[in-house]
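Two complexes, one shared chain (chain A), two partners (chain B, chain C).
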Partner chain A sequence: MTARPVVKRLVKRKGLFAGFKGNVDAITLGLKYLVDPKRFTLIYPNEYIKLDPGYRGFIVLHKEKCINCSSCARICPAAAMRMIKRQEQDPKTGKVKMKLWPVINYQRCIFCGYCVDVCPTEALYTVPYHDIVYENMAEMDWGLETFTRPPEHPVEKEGGIPVKYIVDEERGLVKVKAEGEEGD
Partner chain B sequence: MSVWVYGEQKSDLKIEGAIARRIAEDLYEVFIGPQHPGSGHMRIIIRVDGDIIVDADPDMGYVHRTMEKLSEGREWIKNIPLFERMAIHDACNVTVSYVIALERILGIEPPPRARYLRTLLCEINRIAAHLYGFGIFGVFMGHSTMYMWSFADREVMVELAEKLTGARLTHSYPIPGGARRDLPQDFPDQARKAVRYFRRRLEEYRKIFLDNPVMRSRMEGVGVIPKKVAAELGVVGPVARASGIKYDARLAEPYDAYDEVEFEVPVFEEGDALARAWVKFEEIKQSLRIIEQAVDWLEKHQREAPMHPKFWERSPPLWKKVFEAEGRVKLLPLMANLKLPPGKAMARSETARGEIVYYVESDGKTTPYRVRIVSPSARNAIVFKYIVPGYRVMDLPTIYGSIDYFPPEADR
Partner chain C sequence: MDVVKLILDIIFYPPIYQLLLIGLVGSLVVVIFILWFERKATARVQRRLGPYHVAPRVAGFPQLVADLVRYAFQEVIIPRTVDAGIFILAPIVATILSILPIAVVPLTSNPGYWPVPMDYSVLVALAISTVSPIFLILAGWASNNKFSIIGGVREAFVITAYELIAILSILAASATVLSFNFVDVVEAQSRIWFIILNPLAFLAAFLAVLMATSGFPFEIPESENEVVAGPFTEYSGLLYGLNMGAAYMKRFALSILMALAFLGGWAPYTPGEGILSGYLIPSIIVIAKATVLMMAFSFTRSVYGRFRLDQALDGAWRLVFPMAILGFGLALLEAYLGVV
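Here is the complex of A and B:
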């Protein structure tokens, strides 16, 4: 056991000018940041965060890899993924068969990524963005056709500047352009 | 004495917006919440004599979601994302003890790498949750600088957690048998930078908030919980440690890698709001130490799947290929319908607000027979009833903020 409790004491302040140093310190620090503020606001529609490839965003299906096993629908904690029956022509034999295909309802999805991790053939993958807006609830219930195409990134499409937040030793988070050059 | 009618909101005090009624000579009943910014998702019914609170009654349950019952209808691992919703900004700490309880029933122990990864995320979460608490505490007392600063700095920890797990808040990271991802390549460098940044930044927090005489005068001697009273009320976490109780679940029953890393558990004896703020402040420093040690350990040791061999050795070659390429631990399809042997287990972990206890009972099915959760906020809510009376109305936000009460966690 290397952890141990340590009893500490608060520093008591007494006397007429006890608070003087504390006030001066606080005001000096406040003034320092008044002159040189630390801001990293994202000017959203003009810029967007280019997230790491590992980010769990929207889930998309590789239809040719899918083996119709229903694992993703079984593991979904929010019951967002479900299987639908669809008649498909087998490319090899040419026979028409009834098959089960996963579809996702983004009204319910909580982006836990269980389905992606459980898929035995890596048929599901995540795209590293999820700032997609729908006009009505019905559109969020994706059909099989929508599910097999990665959704359009609306900000990227309209020419937003990709930015990235990196941890800086001096200033905490710093906004930089995703290509690597310094941002504003 | 007037009758308070819903919708008409007749106020005896003739103050616009304040719902108050006179219940006796010189005694008014004031409803604080549940939509009041200074109360969160709860209502505190206080009775005031002038400015002095003579009686306080915490009225909880506004965000009750029947989590214990809901969990009985879900498969074992599907409960992990559910229980995260208790305190989403402290997700790993809240769920890790549930996962440990499942592992105890299964009779497995996660590999060392998984234990260190969980510890790393737990400490990242702890700092983020403490900063969140500081922000709320600050804004309750009108110190909006603290609110802006700590919410901005919390973003550093949220970014680190995002790099590690792929999600900002609801990580769903621990899983029975291990953890879901390994460290990304650039993580150790970013984590060390963040630790060095926080070491310097905390000194500024001390200057502008904790040692600021204006804030000190509002916190010092407010909401004092003596050691004996704290033990009798059964408070946990920073609230107990600020009253001199040397108790921490990481110390009492070390889980994950906490028996291998070196850290201190800060204890203060004053028991007032200032001491509670200092406990959290000192805990952030210790969490930074743990993050450093965990990152060092993970970098030094060979990269292998943070998953128990029971689940990993049987997995197909694709599983190993994905792990090599992306560091992602794929789950076996049996995880969805995992059957636990009949048995009971109890596990506890130290969240940012105190100890959370899970009692899990299995009857051999794919869903739990019973999951009992005792969350730290539920245990700390008693402070409102017994500590608040005697203080002034303006002290109520200070006490509320200092115990860092989080209604969704208490109501669960």
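Here is the complex of A and C:
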């Protein structure tokens, strides 16, 4: 179907002072915001957003729950998770066995969280932060010992204030201090 | 004590005081404050934070000082294709000429502290204020770059629009008192300011100063997303800083003219004898009024977008120019009726 030409009418020029009200309105609104600014900038290193527990941040392993099934390494779309062999002493029988354990390479990880979802024993879990910086690439390739501890959150450790954004009907986005969630 | 008196006499020798202390140092301090205010006000209106990290306790106030230090230590690159002499001289001369009107206006009614004879000071100040744009065009031409030439031509277009308006609307104040003497203009406002008597001329002068100094709705010669930086495209380092500062210094000088012509100059205060009462306090009052005007100029940046060149010229000739004429007529009517 060909496009049909449409005759557009130019907006007729109104009177000489028709734009006056628009200017006055704009300046009034600007003055209102100047007096009462509704700003919500996150001053990042001094504040950080406290994310909810389900957030797909860094992935950590509960070594006690892991049944060495390799599902996480198989489902990983970026091939960040891989299994390594490690000799382990069985606590019941006392035998030394070769076992496969998952380790993760954060150079490759895309934080999709499939490994956490697929884990049959919930041995993998995510921490609700991902703003961690490494000095070199080798540090991002985690070994088994690093993988079993949750990484420390630098912003929180250096005294950043946790905040949350809520939607207020009058003021739009509002930044409030997140509190009362220290325990979990 | 003689030494102190000598130093005070040198400092408060009117040409030195007005040109160096107010013109250079004072305008630099005012520009630092105004640029901070401009960024902060724009940030507040746009729900941002503005300058912060330079000094969080004073809300990023010394941000411009940091910027100036950066500009001062940047390399000044002079491209091979430019006309080097004019390229270097144009921003310097433009900066000097933009603060020169301060040297011919009275900042007190005490005749001992006038820098020049005041009989035709309105005309002289307005005449000097119209010289500096030529050097902006010259800077654009000497840069030998298409963006800078387009910027210079835009500047020329804008000059034709605002110059007549600025002169007519500030002369309206002098038409009301039937005198070209700035002191007469200011002293006639001891009861009621001309901004109330003649709001049309004030509004026209406000818009004309905004156009003259590339204030935001009329930031046409340097519009960043059309011509890179207009006439200043090829500049770098301190020369670029001078170019940017020249617009603000010109705005400061024109604000002082407007403060004298419409906001009553040193009006609530009556200058007396001596340096303190006769010169320092009245001049500080004038500068404070000019600073308030500059804050109003800066605030427009947060509200308005940029006009196209044709829109600005259309508005200037069809709307603001008749407004200036009407303001002048109103001034003549007031002079006829003897309002002041």
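Here is the rule we go by: the second predicted complex is superposed on the first by the 141 of 184 C-alpha atoms of A that agree within 3 Å, B and C clash if a C-alpha of one lies under 4 Å from a C-alpha of the other, contacts with A are read in each partner's own complex, and residues count from 1 in each chain.
Everything below uses one rule, namely that contacts are C-beta pairs under 8 Å (C-beta built on N, C-alpha and C of every residue); 3 or more make two chains touch, one makes a residue touch a chain.
Keep in mind the model is a prediction, meaning the values are calculated, not measured.
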Contacts of A:P77 with chain B and chain C, given as first, second, both or neither: first
Partner chain in contact with A:Y134 - chain B first, chain C second, else both or neither: neither
Which of chain B and chain C A:T121 touches, first, second, both or neither: first
Chain B versus chain C as contact partner of A:E170, first or second or both or neither: first
Partner chain in contact with A:G54 - chain B first, chain C second, else both or neither: first
Contacts of A:F111 with chain B and chain C, given as first, second, both or neither: first
Chain B versus chain C as contact partner of A:V7, first or second or both or neither: first
Residues of chain A touched, compared between chain B and chain C (which is higher): B
Which superposed partner A:P37 touches (first chain B, second chain C, both, neither): second
Chain C-contacting residues of chain A that also contact chain B: 26, 29-30, 38, 40
Complex contact set, residues of chain A against chain B: 1-10, 13, 18-19, 22-23, 25-26, 29-30, 38, 40, 51-52, 54-56, 69, 71, 74-75, 77-78, 110-114, 117-122, 126, 165-173
Residues of chain B that touch chain A when the two form their complex: 74, 77-82, 145, 152-153, 155-156, 159-160, 162-163, 166-167, 170, 172, 180-181, 184, 190-191, 193-194, 196-197, 201, 204, 207-208, 211-214, 216-217, 244, 246, 248, 250-251, 254, 258-270, 274-275, 278, 282, 316, 318, 322, 326-333, 335-337
Complex contacts: residues of chain C adjacent to chain A: 41, 43-45, 47-49, 52, 299, 302-304, 318-319
Chain C-touching residues of chain A, taken from the complex the two chains share: 16, 26-27, 29-31, 33-34, 37-41, 43
